[in-house]
Structures are given as structure tokens and as C-alpha cells.
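There are two complexes below, and they share chain A, which is joined by chain B in the first and by chain C in the second.
Up next is the complex of A and B:
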């Protein structure tokens, strides 16, 4: 802890601060700053709204075409057409909330050498980046998720959540999705400490998450062997499982199990993050920035 | 007074390897690498008393950045011992960072798109600065650095000089005992440089902050630092006072003489044969060079004034550039210049 300093500029060295209160204050301020930071770029999100709308529309037309040849209440791999449309629409709306840029952020910091500025401060790099991503998500909630939801719900026949309880669990699960994806992105970004360019790694991760999370296609559409693989990976907890909650395909009394599975993955990935970060710092402090 | 920075035989070795040529060479590199060690910092020892303003200079690749990185705790030394303000910068990094302020001229520690004041607030939280202290320091710093008008602007709208002033303030909000500055005036115009220099002098004088200044701008060193440490090829080739190094043998003074009539080039060249070199700059103006230990300035002046009518005359001490170039040359021959100041 700081020794008493005598500079006339100081009045006294800082008191010992309760670590939890300090964390709240520091990372709360980071969230706030990230929010303000995004405000400078709110126009950028108008193009994002069009992109999302395009994605959802394409899926909508594909699924109506697929179901057109069948009876009105036919199911494919357990999904009816209205469920399918809901799955896609709500899936993309949720994505606008759990999505984060942490990997790109780290890559930029490492490439520009700015990362050493973070090591020069008594601050947790990992928490700082997650807090920053949370601030951005809060921003998107207001300026992106709300308008995009309005447009999508108005244009497409999206079903309401199975029940209020299901909706509450779905919201909680989406918060966990954010935390889990944040860890995945953090670990992906840390690769920049070892490789000259991680553009390929980031792109691969992007598509892997889109497919294996079930964002593009419900996991029940996957071939059997792939379903087995996906069962063993964390990605399904990002999109597929929360959507199952929304649609009521998971009974309410099993909802805590879904959250628990997410929690386990979050903890496991968090530990991996910590481990990789320690190695990354070693690389940096042995080889220079 | 015991030193706030104590380095002994501090060394940093990077491991590198020779890349072989061509495609086949790259494949071979994958299997077996021909490693060798590069000593970026090669056994430097340094003792800096508290409150000093130290100029840390050297050509590119001399090991300045590497040693600053070790001093700030973000690079692990390969060997040697170091202690800064009672801490080992690398091992005690988290605690140590609270004691220091760091400014990299080419980087900013401020958020790009939000008002400067928001970055300051966040930093004060990170460093656990109490509200009263924060207010007092901010008031103080914005007076000296004239930040008042800048605090509400986002960093991207600031000029380089304004940004640097804000960065300096940011690095001092937690009242660090040591301030490390890496090229703080790079790319700034003369006015901005001047105000930053004044500021550094002021905080060093008034608050006793120990300042380690790395720069390529030798004028800056000359104006700010009593003591300089010159680095070359990872070794300290000079450590001592600026005044002493300027009296080093082999350095030349220059003289410019404007005569009332035609400049007597040949006459003076013969008179000071071997002790001074003259050349004609215009019809009436002569410029010359001489080493003070071979030829006292008084003798030159007396001789010239006795024989000719002179309109104007200036003598310039060896410039710091000359000093540095000479130090590098001597350093290249392996001798460490004695500096005991």
C-alpha cells in the first residue's frame, strides 16, 4: 500500500479502501466511460440495424419456403414455423446484447503497444475489458436492441415467450451468455501476445461461435456426431439454451439447470482466461512490448 | 540522501535467432533455430537521489526503452538487482505502479472519445485518490498546465501539445514520487515544448518529484537536467553533470567574427596554425573552431582585436550535440567516460 507521501500536491496518501467498494467504483466508472465512448459513434449503429434486419429477413424467407410444402402445423426437428421464426428473431436480438469486441480490443492494444499502459496501472486488465464491454452492451441495449426489436417484432410474426417465468430465466441466461462470450473473446484476443496476426483466429472464432452456439441453426438440426461434439462445448450455452428457455422447450423446473451449466462454463473459461493471461504477461514482460 | 533508484549490474537479454534465407530456410527455422542472445541492457548501475531530474539519453537501440520498461516494472530483468522507492518494480508491480507516473510521448493514457475530465475521474478511482485530494490536485494542475478549457473536450479533438499537457496531468493525479517521461515533447512545436519544460521544472522544484526524462531533444536536456546518463549499446557511457561533460577534452568552441573590413583569413590561419581552424563565411565574416585546452578564448580575442577592427564577435561553447557525438565515439572505443558529478 502507498506510503505516506509528502508532496505538497498531496494532502494525504489514500486510505485503505474496501476492495469490493473500490472495484465497484473503478469498474462502474469504466462501464460508464465505455457507454459515453460509444455515444460518440451512435450513427454507426444505423448500419448495424440494417445488417441485422437483413439476416433475420433471409432466415425468415428460407424457413417459410422450407415449411411451405408441409402441413400448417408440421415440425422439423421439433420446431414449427412460428417457433423457427421466433428462434431466429429472438436469437439475433439477444445477440445484440451478449456480443462483445474484447478480442479485437486486445488485438489492437497489443499491436499498438498500448497494452503496456494497462500494466502500468493498479488495475485488473481482465475485469477492465469485461467492464468496458458491459458499458458497450448497455449502450447497445438503448440505441440498438430497442429499435431493432421494434422493427423485427413489427415485421415478423414473433411469438411471445412461453411464460413470464420463462422470459425471466431467458433474460438471466442472456446475461450469462454475455459473460461466457466475453471469456471466449478474451482468450481469443490474448493469442495476439504470441502471434503476429490473429485476424484468422478471430474470424474462425466468429464463425465457430455463430454456428456452434446455434445462432444460425438450432442444434437439433445438426448431424448426430456434431450434436455430440457440441454437447461437450460451451458455445451452446450462448445462444441455443437461452432460446430454448424463451420458447418454453425447457420446463421451468429445469431452468436452473441451464443457468447452472452456464455458470460452470463461465467459471471454467474464467479460470482458463486467468491462466492464459498469466502466460501472456510473461511473454510481454520477458520479450518487451 | 539515499537513492530512490538503485540499480546494480542490471541486464536484459533478449533471445533471438538467425532467420535462414528462402523457403527451405524458413522450414529449417521451424525445426531448429539458431539462437543467440542480444544484450539490450548490459550491466547498468545507477543511483538516483530523490528529487533529481535526470536526463536519460542515447541513440536509437541504445537500451533506453528497455531500461525504462524495467524501471517501470513491465519488463523482467535478466539479471542484476534493482530497487526503486523500496520496491522491486517487476516483482511488486501492482503495489509499485501506485508510486509512479509514466508518460509515453507517443501513447496516451486517456480515453479517446470522452471528455478529458472523465478519464481523470476514472484514473483517480483506479489510484484510490480521495475526492478532496483529487479536487485540489486537479485545480493545481489545471492552473499550471492551463487545462481549464480542455477538460470538457474529448481527446481526439485536442492538438498534440494539448494532449500531452493532459497526459502529464493524468500521470500526476495520484501524486507519484517518481515520474518517467519517454519523449514527452516529441512532435511538439517550440511554444508547447517550452510550456512543458517549465512545468517539469516546476513540479520537480516545488513537489520534489524525481523525474527520469528520456528524449532525443538535447536542448531539453540542457535546459532541464543537472545530471545526464548517456547510454550506448546497452552500457552507460557517461554518468555525471552536464557542466563537467562539456569541459571534456577534445570538444571545440566556435567563434564568429565580423570584421569592419575584409576578413583576414590567411593571416589568422597562420597565426593560430594547428590550434584553430578558420574559414570564410562571407567577405567580412570568419568562422573558426578551437579546443579550449589548446587555445584560451581570451588569447584569440586579444590577438584579433589587437590587429583588426572588429564589428562583432561571438564565441559559442561546445553544443550538447557535439558532446554526445563525442561520447558515442569514445564509447565505441570501449572507454567509459569518468563523470563524478
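Up next is the complex of A and C:
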């Protein structure tokens, strides 16, 4: 019955609208919507992969140019070209895991005033944000780090880790990098309680961490005085030290020392962020009247 | 003339609201300078003149000179660009573009002049200082024509950068969503801040003809070097800026014609 009645109907419709044009507009819209839905979530990761690829590429070319006039196995400040390419590539892959947006999140919460709602809840604000960041890192591990690693390892001549043991220590150290950077970001985000805009502070922190963590170039490239300064700061434990483990520049029996140093910095920064947090809450109370 | 004074008022209005929080502005300015200097730090640390004497034959001063050049164009672009990044969200999805369309002024100019990133002046100063500092150690002498070229090519570079992001922003008219390709393209700018010959042929081609960021700093800077082989591309910089501006204007006009309001 139904079939019989649709027959003449569609003929009538076809009289008014060209069926091919209609199909085009209907399915075109379906395809377009499906495409846009994909874009809404996936494209962010897709473009993220390209962004990381561009970072690694530009540094790959720079390091190749640095070693251009040298013999193939020359070392500069203790690194050969293959080691440097590995250093940069693995450094960025590890960064895709350990970075977090805690500073950005706190800034948003303070701007929107939602932070007061968080304060009323019987949860630890600090733990909540770190846990949230950890969840995001787990998500990125699957949908971001894996494809990035695939593309980078395929395009660039990256060396394998020095040994399985070194790789295991490197992974453990990267977990610590996440925890240490989370504290740095937490403290940076708390600046939002005092300043009207912390965009500049966040950007400055971003670049300082990039340089001082050794992500852009190993500490052995720094002049003596700056090496001394960096030795006294926590940032080198975020990127430089884990990469030294990967490359086997740290002997296996000294690996626990690296993790212990990270642990110490984590505890120290954790105490500092607790202290800053207590003061921040007080400022907020004052503003709230 | 009247139009210009209206844009002047746009700027003044923004300036006043920004300076309402003076200390906040100064903090941002200082942060901007720190960011600019830390970008420089990488080159200064890498090409230390001893362990690493040059980048494939390009000396530290030359690399820094090109980097300083890029800061001038980037500062111009960064000052104008904040609305381009959030164009999709702020104007198309929120429907603020309705308001822009109601006014008898050029739509693109309105969008660009409604918000500025004044902190970028910091990197402009660092860039100019860097050019003259490294220029002096390279033994350069600047004549009137050189200053003119610096001005023309600096503005051209700013136009190229702005045009590329206007083109990306105009995609928001069709997709009603940030495509998210702004970030990768922004990072592509970094390639234009180093001597082009250090990159392989594919990258060089892209930087010349697809996303012409090689014209932002490298090509125009070669005017000041005694290195032959780049003359054509160097003096083609204003031409490339004109082409980019034309393409961006066409894409924008076409996008505006396709704009459908949110209806709210």
C-alpha cells in the first residue's frame, strides 16, 4: 500500500524538482554534516599532529644545517647528528604526553567566576585539576601520541632507545615530567587570582619551559653560567634528563638518581603550589567581600 | 579622509579600554618582550660561534638579522590579528557579523580594527634593535633607500601574514566552525625566520609559492647581504604582498556573500 502511494507522489515531486539536483542537495548535506562532525572532534588532533610535525621538521633542518660542514660521525657538545634528530623527535613525542593545560583551565575558571563553585565542593581543587589533566593525557596517549609517533618515526631517522632498561626508565621519568609540569602550570594558573589577564604570563612560561627544559636544545649547548642557573631550576627534569635516559647518556645504575631528583622537585613544587594556593584563596575571599 | 578618522576612533577607543588597566598592560608588554627574547635565545645558544660557527654557512649575525626582520612583520601582523583567530566563534557563530554588516564601512577593516594586540609593540622594538645591532657587526651601512626598503618590505611581510590568516578566517563563512588549521599555519611562520637554503626542496617550494612565508623575512633581508642569487625573489616581495592581499580580499568578499546569520 505504502509503496503504491509513494509512486505517484515522487513523480509529482519530480515534476517540481529535478531528482538529481534534489539527491545532490540532500546527500550533499548529509555528507557535509558527517564531514563537519568528524572535523569538530578529529580535526583538532589532526591539526595537532601537523603542528608537532612542523616543530620537529624545522628543528630537523636546523640541526642538519648545524652539522652540514662536519664529518658524518662528528659530535657537537657531546651529540652526533643522529642523536640530535632522536633527541628532538623523542623530545616532542614525550611532550605530547606530559604537557597539560592546567594554567589555562584555572584562568578560565577565575575569569568566569566558576572557581567559587569549585571551592564550595568537597573536593581538593589541586587534585581535581591534576586528575583532569591526567585523564586528558591518557586520551592523548591513544589519539595523539600514537599517530604523532607514527608520522615522526616514519619521516625522520630516529634511533631506538639505548636499551630496554633505558626505555623503561625513560617512560617512568616522563610520568614524573607530567607531574612536575602540572605543578608549574598550577602555580602559573594561580596568577589569575592576582592579575586581570595572565595571557602574557602563560606565554612567557611556555617559552621559558621550552628553552630551560632542554626541549629545544640540550643543556650542554648552554654557556657555563646558564648551565649553572639551569642546574638549580626544576625545568631540566622535564625534558633534558628523561631524554638523556632514552639516549643512554645516563648509565642504568644512575637512572634511579634521575628519578629521585624529579621526585624531590615534584615535592618541592607541590609544597610551593600549596602555599601559593592558600594565599590565592585569601585574595579571592577579599574580592568576594 | 572621514573613513580614516573613523578607524582612528576605533583605535583610540580600544587604546583607552586597554590602558584602563595600566599595570596589566605593562605586564603584558614585558611578557611579550620576554617571549620575543626567549625565541632569540635558541639561536644565540645554538650558534655560539665556537662549537657551532654557522648554519650551513649562514653566520650567527646573518641568522639573527633575518630573525629580527621577521619580528617587524610579525609585530605588525600580531597587532592586527586577534580577531582573525576567533573570527569563526565570535563573528560567525555568535552572529556578531550582523552588526558589522549594518555599518557602512568595509567589513574586513571593521573586524581588524575592533581589537588589537598592542603588546606586540614590544617585539617590534626588539626586532628593530636586532636589525641595527647585527647590521652594525656585519658592517652594513644604511642609506635612505635601505630605510625605505625596510619600511616597504616590513609592511609587505605584515600584509602577507595578515592575508594568509584573512583567507583562513574567511573559511569560517563556509564551515561555521574553526577549522583549527590556524595553529599549524602559524607554526609554519617559524620556517620563514631562518635562511631558506637550509630546508629541502619541498619545504622551499611551499614557502615560496604555497604559503609564501619566505617573503616575510628571508627574501627581503637578502637585500642587505652580499649574497647573490636571491635578487628576483627579494624585490618581488611587494608584488607577492599584492597577490596575497588580492586573493585574501576575493576570498573574504566571496565568504561575506555566503554569510547566513544565526537567526537569533
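Here are some notes:
Here is the rule we use: the second predicted complex is superposed on the first by the 246 of 289 C-alpha atoms of A that agree within 3 Å, B and C clash if a C-alpha of one lies under 4 Å from a C-alpha of the other, contacts with A are read in each partner's own complex, and residues count from 1 in each chain.
The definition used in the following text is that a residue touches a chain if its C-beta (ideal position, glycine included) is under 8 Å from a C-beta of that chain, and two chains touch if they have at least 3 such contacts.
Since this is a predicted model, take the numbers as computed values, not measurements.
Shared-chain residue A:50: touches chain C; no touch with chain B. After overlaying the two complexes on the shared chain, residue contacts for A:155 are found with neither chain B nor chain C. After overlaying the two complexes on the shared chain, residue contacts for A:114 are found with chain B alone; chain C is out of touch. Residue contacts after overlaying the shared chain place A:142 against neither chain B nor chain C.
Applying the stated contact rule after C-alpha superposition, one finds that A:199 touches chain C and leaves chain B untouched. In the superposed model, A:62 lies in contact with chain C only, and not with chain B.
Residues 36, 40 of chain A lie at the contact with chain B in one complex and at the contact with chain C in the other.
Against chain C, in their complex, chain A makes its touches with residues 36, 39-40, 43-44, 46-48, 50-51, 54-55, 57-58, 61-62, 64-66, 68-69, 76-77, 195-197, 199-201, 203-204, 206-208, 210-211, 216-217, 221-223, 226.
Chain contact summary for the complex, chain C toward chain A: residues 21, 24, 27-32, 34-35, 38-39, 41-42, 45-48, 51-58, 119, 175-177, 179-181, 183-184, 187-188, 190-191, 194-195, 198-200, 203.
Here chain B touches chain A in the complex through residues 14, 40, 65-66, 69, 72-76, 86, 90, 93-95, 97-100, 102, 104, 107, 109, 111-115, 118-119, 121-122, 125-130, 132-133, 136-137, 140, 154, 172, 174-175, 177, 203, 206-209, going by the rule given at the top. By the touch criterion stated above, chain A contacts chain B in their complex at residues 1-3, 5-12, 14-15, 17, 22, 25-26, 29-30, 32-33, 36-37, 40-41, 112-114, 116-117, 119-123, 284-289.
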